[in-house]
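Working notes for the structure below.
Chain naming follows the written order as A, B, C and D, and within any one chain the residues start at number 1.
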């Protein structure tokens, strides 16, 4: 098996080579890199949860994600992706996370869901009530508002667990002819990864920007490391913001 | 924030205490443990991909998952769960992974999908053709057959990427009144985790058995570590096989 | 009935008899009536699109649905269901229909989607903008507001085509332990029927209230007749508002 | 294609008309006809349930659908579509309906589900057991086998209620780059319509072939009339087999 295995892995020349994104030299993991070819018209940028509770020092989750976000430059890198998308006329979709009073009456939750409810993360006063949203933990990071509120970005319904199964993201993308998605946003191993997984189940081709995301890091639980492993294994490609922005400009 | 954080986390008394599964002493991660209460009639065991290509030494993926499976005792632990479920009349669902010739004509795949296609993993000759299945990499591990082929276990349609979005698992469970799912099987951070995530998006309460699964471990990519992080953060509870089997018997 | 029934469907003894809703005497169609047993705790009322554009004489669709709504008493019957649910502590879910500016940039639509966009049906100024909603075609019918705005009713994300695939209805119901759904609202063969179909695909048990809905009737196209046929063939049970309200009270 | 397009879809009122809809010459229903432009590479033919139990005189449902099928020429028209697709290299997908022994242990069903189970429709001995399939009610109509078994047609997992939510149809189509679907097959208002509705929820552009389908017709319940109403209201276009085959050839 080992021989066969190393032969097979040795043969693992990517089946689909990207013309705009190069396979990282130095990839040592033996996995194929299918690649991701940015093409005008059917490629979009998706940003999950670009909200204060994750990315602002006053946000309720900054205590567990802030160090990671600062280390990789998440806040700036997400903005660079927004700017590059607008500069190159790439459609942009934002999938936000909000909790309404009725969500606090759920009968059961998973561990992080329970925690988010306990700390009041992403709370809003109601689905048809935007009072108090401005400047709250549920609001966009101030520096992202010019990109999100420009009249072109599609803000989907809020997702309610971690993935887009509970909102209209897939439909909104298909209705605009999108087949390929560059994913960034918060948090890496929860909403970002669940969006990546679900989009792939729905037949989208996806890549993830590794330093335009961040995750909770707790004793014995490194959400960022988990996400990096799963992004590499599952997506068609991973790249950092530098390479992604360059590819977006090249593909224009 | 740190102060607030530790206060908040200190307050994190689980909202839903399990009567049969105890919070592991020594959990140091500060996350709430919502718990998982096994109740007759609406709790099921789900096993993903209990197939030779993952769990038999001749399987095409054993070279990358075998060491992990041997270390945690995966093969035996899955069997112990099957046996405990049958002993306690808990409904059992198996979600298999098969690739047919038409799946090899897909236009794009992610990294692991590409690899699985390259090495012929889970290949069958057709959706209505079982010739050659017996004893192949796509077949059940021989020791599991008495549990799977007993006329009571529900074998769903094959999933096609990693999650149950492409098969009938959710419907089959709902049609039997199942609301809570104990998850085990292969491989930890891919199909097992995608099943956990999707079942949670569909409103099931889920727990994962940490040593009745295993994952690919490659240079720089530890699929098992990633899965353990995400199971703990996302599911309502995690436990090992010993604790889970004991709880299944207690709940009977 | 008996003759046809025994010839065609000799075995057709209903598998699941309802204890609270009786098979309508005089059913001549030869189909089994599985029945629908209202039980406290896991049965909910769902109302689709209880909005002015359908149900108010000034609404943009009243011209094509108004005659049907007046004939069957839709506006009053929906209110009677809301009132009976509140009186009997049955959970209530409302799935609304809104279109935002970005929805008007879709590349393709079906016939009725195209029409709804053309006539500005359900238009709102944005997903995070409720300005102008009050009293508009997208707003609730005034008489329903006490039931919808009582702090207990769950208002889901808006659906975007006809069914709940694009919102969080399924999750919200499962998170409150709901397995059975009484469906009413607008319009019969479009959103109401798509909700019925999707909930059944997701393993809910469903019944439809035949006179608490209405549909567009155009030359050669009777949406109400189509819906009545499909409700009877697909749901577990159909009943009128009188029978349904009586059963809700009996089941309390 | 332009010529054909204007001939075929000359009635296709522009996508955005005034709020006063222009009635297409010939169409009396006042609805817009968005039209459906067949293009090589991203348009597929989908056939639902082309199986003996619906379409063979010995099938268990022929008694209720046979008269309708003979009146509109369903059996021949489905074959003409298969042949035209193969002749023009259009990808073909078949979504079958099978029931396995475990499906008969479901706790609840809708009316037609109950009936189908009672009469043993689409029964097979197991998901991994094809014994007895040949020539049974669950088997393909003999005349369709050359088209379905040619090694190119994709046979998806079986759907389990009426729509493709429980199988891999959406993924299989997306993985082959399909965005537009011509729908035919059985039965009109149940599986065919549920496939149409779900594909549209998933962002596909769909048209339905009105005389390459048929439905159960029972006293007071005309499934075919219901389907014709809903196809016209929901899909982007409806056409008969003659027009569809001509358009397929022109688009080549």
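The rule is short, and it goes like this: a residue touches a chain if its C-beta (ideal position, glycine included) is under 8 Å from a C-beta of that chain, and two chains touch if they have at least 3 such contacts.
Remember, it's a predicted structure, so these values are computed and weren't measured experimentally.
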item	value
For chain C, the least number of touch steps when starting out from chain A	1
Same-interface partner of C-D, chosen from the options A-C, B-D or A-B, over half of the pairs matching	A-B
Computed distance of Cα centres, chain B from chain A, in Å	25
Centre distance in Å when chain A and chain D are each reduced to the mean of their C-alpha atoms	36
In chain B, residues with contacts to at least two other chains	108, 161, 165-166, 170-171, 175, 177, 201-202
Chain A-touching residues of chain C, taken from the complex the two chains share	101-103, 105-108, 126-130, 133, 151, 154-158, 160-161, 165-168, 170-172, 175-177
Chain D-facing residues of chain C, complex	4, 8-9, 11-12, 14-16, 28-34, 60, 108-112, 114-115, 117-120, 161-163, 165-166, 189-190, 193-194, 197-198, 200-202, 205-206, 216, 218-223, 225-227, 229-230, 232-236
Partner chain D, residues of chain A touching it in the complex	170-171, 173-175, 177, 179, 201-204
